[in-house]
Structures are given as C-alpha cells and as structure tokens.
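Just so it is clear, A, B, C and D label the chains in written order, and each chain counts residues from 1 on its own.
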C-alpha cells in the first residue's frame, strides 16, 4: 500500500516546491519573456534570509513565519535590482536574458560562498512542523504538508492578484499589447518592475520551503532551477493552470520513478517524459493561441 | 480587358480547387465551408470586411492553420501536406507585412528563394554568378538597379515587389498575395497591378485586397467573403450590383465612387 | 564543388596543416622517457604544492584541508624547516573538477618544480592526478579516507582505507549486537564501493542488509528514501552520504520519526564541522573515523590549540584536517629519514617512518604507502563533539585491497 | 582582387591561426603550457560548432557538453581498453564492478570503430533529439532549456553508472594513444598537433558552410523561421543539419580532450561545463567565423591563469564576463576588431 502512498504524497510535496519555484518563472518568462536563470539563486537568497531571520528571531516557532515576508522581500528586491540594472536593457532578447542571468547566478553563488562560507548554515524546523502523521504506513512529515499549503497559498495569491487587482489587469494588458497599454496610460516599465519583483519574491518563498529540507548552501538553487524550467516548458505559457498541473505531474512522476528505480534514474526518466510530452503538445499543456506569423 | 472564363479541362490540372474548407478555432468557425475554383491565367481577388476569413483561408491552404474539407492542386490534397511541401508543389504566398530578409541583399533574397531548383547537396556550394531565373525575376519586378542593396533599406512597395520576385524565383504557379498594395502610392499600385497582370498570364494569382479602386482596375474575378462564408463570386460589375454585398461591405466603402 | 581558386587556397591550407602535423609526428617505439625531475634543492627553501579546491562544490571541505596544511607548514618553518630548508608553498585551486586537478598537478610538478604535492579530496581528483604524478615521478600526499583498492608508488595515503574505517565500523556494529542494517549513500563511487564491502562483511558477520538507497550528489531531498528506512525499521543505518546532501537526509530522518533510540545512524562523512550544520540536534548518532577532536593526546592538544589560534576559536578540527596536518609532518620525517628530497630515495626508506600525530602514532607501510591508523567510533554529544565509544585499541595495518580478509571477493556483486 | 580579399580573407586568417597554433606555439611553449593549449583547442573545436548552431542558426545549445562527452567517453573507452591490453578489461571494472565488461564496450577495442563512433554517435543522438524538437517547432528558450536539462541528466546518468562508465571518477589513466605512449613528450606534442589541426580543419569547414547557400539559409532561418518555410524549405531540416554538425564538432573536441587532459569525467561534460563553452563563444562573437574559437581559447586560458593568481575570484570573473559581454558587446569582443573579413553574410556576389 505504501509503495503507492509514499511516492504519491512525497511527490505531491516535491511538486508543490517545484510549483513555487515555477510560478515566479512562469510569471517573468510568460508575461515578460525573460528567462531568469538566476531564479535558483533567488531561491537560495530566500533560504539564507530564513537562516538570518532565525539568528534575529530566536523563537523557532515564530521565525519561519517571520521569514516568509522577509524572504519574499529579499528575493523580490534582488529581482528588482536585477531588472533595473540588467534586464531592462534587453527586453525582446530572451536568449540574451538567459545568458546574462547565468552570469548573475554565478556571481550570486560565489557571493553567498564568500559571505556565509562554503559550508552550509543550519535552518531549524519549528516545533509545530516537527513530526508526522501515519498515512497507510507513510509517516507523512508536517513539513511536506506545510510546503503544499505554502504552494497553494502562493498560487491563490498570485491568481487573485492577476485576476482581480488593477495591477493584474495592467499586467495582462501589457502582455497582450504593450504599445496599446502605454497609450492608455499604463506605465509599462513600472508594470515590468512589479512583475519581476513579485516573480522573484515567489522564489524567496520557495527558498523558505527548501531551507526546511536542506538548510542553506550556495549551490542550493542549482538543484531546482532546471526542474522548475522543465515545469514551465511542459505547462505552457500564458496560463497558471498549466504550470500547476505540470509541477505536480513532474513532482509525482519523479517520486514514482525514484521508487521504482533510483533517484538518479528518476531524473533521467522525468526528462525523457517531458521530451516525449512535448512531442504531443509542443507548446505545453495550455497555449494562448496566436494567429500571427511569429 | 476581361479574359473569357476558360474551361478547367483545357488547363489540365493547373488550378486550385477548394471544397467545403472549414477552419475551426475552438468552436469559432473562422472559415466555414468555402468552395472556390481558382483558375490559371486569371487575377482573382478575395475581398470582404475584416474578420471575414480571407487571410485564414489562405493560411489554411498554405498549411499554417489546420483545416477540414478539401484544397486540391494537381491531384494533391494540400490540407494534408506541410507548408514547405505546399510551396514546393508550386503554391507561394506573401504576408500582410512584407517579410524579406533585411540583412540580405535583394539579390540574395531572390537567390535564397531558389531552393526548389537545388538539391540539398548543392546548398553546400557557395553562390557564384546569378542564376538565370534570378536575373529574370529581378528584371520582371524591376529591382535590377537595387540588386546589391540590403533588403532592409528598400521602400515598402519595393519590398512587396521583392516578395513577388521571390515567388517568381520559387516558380510558384499559384500566388496568394495578402494585401500587396497596402500603403503604396497610387503610382506604385498601377505598377503592381500591371506586374500582376503580366505574370498572371501563366499563373493563378489570388489577391486579398481592401482597396476597391485597385480591385476594379485589375480583377478578373472577385470573391466576396463574409463571416467565414463566400457571399458571392463574379465579375466586378456583378459584385457591385449585388445588394447583399452593398449591405455588408461595399455599401460604405464604395458608395461614393460608384456614381463617378 | 569548388572553383579552381578556392581549391588552390584550401589545398594550401590543408597541405600546411598536414606538413606541420606530420613534423610533430609521434614516437611510436621506445618507452616514454620519464621526465627528469626539475626540483631545485640547492637553495635555502624547498617548494611544496598545495592543491585543494577553493571553488566549486568541494570547496566546503577542501578549504579546511588547506588551512591545516598551511598551519603545518608554518609550524615546520618556525621549527627550522625540512633538512634546514624553509618550506615555500605554492597554492593551486582544483576547482572541484578532476580535469583541473590533473592540469594543476602537472603545472606544480613541471612548471613550479615542487618536491611534493599535498591535496585532493574526491577519489575522482586523486584518480585524475595519479597518472600525472606517476608520469613525472612526483609525490602526492592524499589526506582523505577513501574506498581503497589503490596503491601507487608516487602517492602516500594518509587518510583511512576501508579496513581502517568501514571494517572497524562494522566490527563496532557487530559488538553492539546489530542484526539489521540499512545502507544510505550518495550515488557515486565511494558509497557504492564501501557498501559492496559492507554487504560482504555483513554476510560474514550475520548482519542482514534490509535496504540500500542512493541519491545523486546534488540532490538534497531524501524524503522518499527515508520512508523506506521507516518501513524497513533497521537496527542501524550506515550513512555514506557526501556533503550537503547529509542535511536533507538528517532532516528527513527526524521528520519521519526516526531517532537514535530506534534506528541510529553511523556515518563516515559527518565530522566535527558537519554535525552542527545539520539544523537538527544529532546527539546520539555515531561516526567512524580515525581522529576526533576529543582524542586525548599531547599532540592533539598542541594541534587543536595551534589551529584555533591560527584560524579562530570557533573552528573545530576533524579527521581529514588532522590527516592533512599529519601528511606534511610525515613528509618531513620521510625526507629526513632518506636525507634526500628525491622521490626514489624517499620511497626506499619509507617503510616504518612514523609520526606522533594528534590521532596517535602513525606508521607508514612501505609496500602500499598507506599508514597504520587506529579505528575509532564516536557518538555525538550535545556539544557536537564526539564521545569515543569504541576503539580498535591498536593501529590497524592498512590493507587497501583487503587481501587479509577471506570473506572479500572483489568480483562478487 | 577586392572580392578575393573578401572571399578568402577569412581563409588567410585561419591560415595565420594555423601557423600560430602549429608552428609558433610548439616552439615557444613549455610542454605543460602546450598541453593546456591543447585543451583549449578541444574546447575551441566544440565552440566552433556552437558558433554555427547558435551564432548562425539561432539555436542556443546549452548542452554541448553532452556531445563533448560522447566523443570524450568514446575515445576514453578505447584508450582504457588499449591500456588494459588485448583481452584485458578496464581496471575500474575490476575494482568497482564484478569484473565483467558490458558488451557495448567491446567494439571500442577497435580504433577504427572508435573513430567512426566519435562521428556517428553524436550525429545520431543529435539527429534524434533535433528531429523530435525541431519538427515539433520547439524553439528559442524552450530549446535552450531542454538542452541544458539534457546536460544535467547526462551527467547524472554517468555518475550513477559506476561499473559501466567509472561514475564520478570518470575514465583516466590512459597509457597509449593508438599505439603511441602518452607519457612520451614527443607523442604529447603530436596529440596536441592533431587537436590544433582538427581545430583548423573545423574552421575551414564552417568557413565553407558560411559562404555557402546553406549558410545563408541558416541565417535566414534564424531571422525568420516561418518565412523560410514559405521558400519551400523545412526550417527543421536546416536547423537539424546545423545542430548535427555542431554536435559532431563537440564530439571531436571531446575525443581529443580525453588524451590531452588525461581524463574525462562527468564534470567535464555537465551543465556547468556546457555553460563554460557558451561563455567562450559569447566572448569571441557568436556569429563570427573565428570568434567562437578565439573566445574559447581565451576563456580557457583565463581559467588557467586567473585561477592561478586569484583562485577564489575565478567564478566572479566568469559571471562578470557573461554579464558584461551580453550586455555591452552582444556580438562578442571580436566584433570590436571585426574587420570585414570574418563578417560573412554581406559577401558581395561575384560578378556574373
């Protein structure tokens, strides 16, 4: 029985983590066409923010909750800084944004190493996240449930922001027709910046969740960035629901593959799965149809 | 000016036949059961208000959007063939916004369109000299003086001619032109019209157009589309006489000039 | 295909290339003439090379080795150097990349002309350096416990081989009456090889292996694999995980309700630096090493005090650091025993050269160039130090190929 | 004569590079530096292919390490078997495995088969992947991400297959290169010369490709893929051809890397190694003829020397290099000195 529940539940948690990481990417990539390879390092920044918060707020039960807004802010501001100094010079050059942010990622990693040391720093799990419940033999850790809740909250907040707020309408207007949006008085540059801030901030939230799994270390982001991008690719651009389905599908599939074979082979199998999937739906799960000659 | 309607049988198989062509965008029928017979030697105009499905029809025939029904050319169902094979079968098209290779010279643009004449292996050779079919096309579209200019610096009209020239090099027997004279001066329109008539003698030319003066001057046959369907087909005079057309389309645009 | 003119130009280029390539044509016969040593021993100093990763994934661990080497060099220099010559050390970054290690040791040996190189951490880096150091008839001192199955004339191994760490750990488990064991490791050479040995020895000892799981080096999420440990409910978990992946393993382990009371862990890569970085209280878990900071010996006291003074009082000392520190002193003793810096002379008189190291007296085996070391098991206390709970009592003679163990069959799975 | 200079100027530049690499360098460099230069040449060979695929074809290949690795491992397997002697099996299989050799190693005993495999394996792999990707019109960033994921997966696969590929340790301890003792300095120089010669040969190949109609078509596909479709070409085939050639070049680079570096391991072929290759191409100028090769050599040299002087700062340099070059000189540093020579697409037509 637990050969089914374990990978399913653990995979759902992995998927939730991928979702948080991929939401920010889907936002910046989907809405702005920017491929931010430093997104993984924003995740890392969120993890270090959690660590630092724990140094200040020593009550572990509270510090993780305090760390959420702090991590969002830290990663978001890093993103904003990146947008203003680098990205804003290269819109409509998506491949170049990819390469530039590879460089930014390298610098941030080395910076983390120099500031915090190459050895990772510990992040303590709050008492109310210690422990687990027995689901058909799988001792499902509260921490995994917390990750899922966190992902769903991030998703809900982002969806509500896009759908109901005036900022969300401005984003959608800018995406659909940047020039027109400008003529009706939307400051598209500001919209870009806020989009990037929010997208990067989401990575910070992901960093909090990751830090509860493995503490901090400078290379923490690299383990997630590629999977998160595969999720965005498989999910398709333009709609959050594609990202959501793809994140959980990739997470759960990886867990099952790992259960059947090994964790290494699971990586290989998941990649193969995405490539095969793209044979069926080359634009991902959901596409915004366009009739123009691209 | 008008040519007699030839019998398709006299022309062998060189005509494009469209039957029941339908393009369905998630429930919205952009093209809805269109029947057309496009014959060689005629300049065929496709008109209709925005959203009538003209461009989508051309997209469907050239493999850009999936469609149901039939589009037959030389016993080949175009709807089941990929775009580049449709081109190789002799059907070429242009786009509303001229898409030429801006960094390449006029000559290179024409030359690159000559792929149908070359084997894959021949592609590995450098170009030397100007192939006769390129030289001919250069003359026909009147860009011989500009042959070494980068295409990016050409005037708008010249780019359209260059595109038509590329179709000539491709040896397209059917040319589907999407608003080729949009944005052209009156003089350029005249030249373009003359060009179309000149090259149309041995080809099937289909032009999507809004400008009724241009349509009146150069159309052999006009098809009016509305809401994805063919409203009426006939000569310019027949179209202008049609009350339905007046209502949906000509009513507003051409009213003033019909009295002239 | 080409015009005559093109053909002419291409022809010229091809002919030029071919001529030059041929002029550098190889020497098929004859043994490779071993490079003559360029080490300069005429001056007042002797050059040594320190080759550790100060960038990349392994920098975490290797920087500590570099620090110990620096300390030892400074101490030796303060004490008059080696054969009266001051040590001048050349530092290089291996960048956590085996190919870079190969390149850098080549540079150290042939351009900098160092008398010996100290460093390397991963087996991949050592394997990459081995042919280079052999080809140049140089010397490499490798300070990390490893999977054994190797012995080179040009390498001295001052960390443990498997019969000094893995086998004592198994002996300890047997003495504790362990009946079921779960193996958890990173998916690379050391854990796979160590587990191969563990499985064969376990069969001999009558310990049942109830599970075996591997996760890639960069992967930190152990949740699914730990669930299998919960299911198997072993008496002990043998942990051969490397680096930061340990953190994820330890967290997942406690999260799912495991504890030292139910299924304690014995690790071979968690030492004094790693224990406090887990983000969990790991009190009561075990580690197998040949040195702990808690070892009581005068030499260790000197070492710990010197290290803390040089690098900060918050810095712990650990097994690889001690092995690196020891390696430089062993080199000093080797040179002085041979009264020469020449590699062949050193090798000649190597057998039996010893040093009163912080871990206790270590002695070089002239046959396989490993050193005799005492096996220790420590249990982590609340200060993240190790209480030594078991010892092999005597230094264990190194046996990298496990020739003295009749249960060992290298070709069995 | 002017058109001669335009047409053959690049060839003269290649010849100058050939003389530098094949005559000057062996004469002035120490064996250690020459061996390093050999490694840079191997990266440069791969970079020339990246220039073709990315600079001319617009396909950002972020996983060329995979093909570099295919060639490298194919060659290394042969060298391992050569070191093991006839009937022998590689040492690591005895140490870490059960002492049996997987059947697919067997053909690599043959030098001829190995040389064939170095060209054929990457071509087949790239053709399959490229066919799957290009035919389904997966492009741009999607393609870049997929290739990078491929590199991650490839490295993971290698690390996990210890008994078959040596795992994390990779393959090393080669003694002979097709019968030549690799420890003999004369032979090391010969292996270097082969690598440098292959680099020159690859440059001549891309020079011809760039001036060919295929080269024009490739640029056209990069700039307006859909338009090319309506010229009667399947852009997928055009890109596929460039991708396959780039893969073969990467493989050749990898194949020479193994004997020169004396090792091939997952860290030489993973995502980081692939990005390292991209860095050289970006620095040198992705669309130029000599740019990628010179850039790769420069980045390789920078890595060796900077890490000697500033071991901790190398990563900053590499990161800053990406940012500065892409931001300030997207066409690469060589474009700053770029005379008309290597700027290809504007070549004047020869008089009719």
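Here, a residue touches a chain if its C-beta (ideal position, glycine included) is under 8 Å from a C-beta of that chain, and two chains touch if they have at least 3 such contacts.
Quick caveat, the model's predicted, so the values are computed rather than measured.
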- Hide chain A: connected chain groups? one piece
- Most widely separated chain from chain B, with each centre as the mean of CA atoms: C
- Note on the structure: Winner on contact count, chain pair C-D
- Query: Roughly how far is chain A from chain D, going centre to centre by Cα mean, in whole Å?
  - Reply: 32
- Note on the structure: Averaging C-alpha coordinates per chain, one finds the centres of chain A and chain B separated by a number of Å equal to 47
- Message: Quick check: how many Å separate the C-alpha centres of chain B and chain C?
- Response: 73
- Residue ranges of chain C touching at least 2 other chains are 6, 55, 187, 214, 216
- Would you please write down the residue numbers of chain D that are in contact with two or more other chains? 156, 159-160, 226-227, 312, 315
- Item | Where chain B touches two or more other chains at once, by residue number | 95, 99, 124-126, 128
- Interfacial residue positions of chain C with respect to chain A in the complex: 55, 57, 59-60, 63, 187, 213-216, 218-221, 223-225, 227-228, 230-231, 244-245, 247-248, 251-252, 254-257, 273, 276-280
- Which residues of chain D touch chain B in their complex? 208-209, 211-214, 216-217, 219-220, 223-224, 226-227, 229-235, 237, 345-346, 348-350, 352
- For the complex, which residues does chain A have touching chain C? 2, 6-7, 10-11, 13-14, 110, 113, 118-125, 130-132, 137-139, 141-144, 210, 212-215, 217, 219-220, 222-223, 255, 258-259, 262-264, 267
- Query: Which bits of chain A are touching chain D when the two form their complex?
  - Reply: 29, 35, 86, 89-90, 93-96, 98-100, 102-107, 109-110, 114, 226, 229-230, 233, 262, 264-265, 267-268, 271, 274-275, 278-279, 282, 293-294
- Task: Quick one: which bits of chain D touch chain A in the complex? Just the residue numbers, please.
- Result: 58, 60, 129, 132-133, 136-138, 140-142, 144-146, 148-150, 152-153, 156-157, 159-160, 225-227, 271, 275, 278, 282, 312, 315-316, 318-323, 326-327, 330
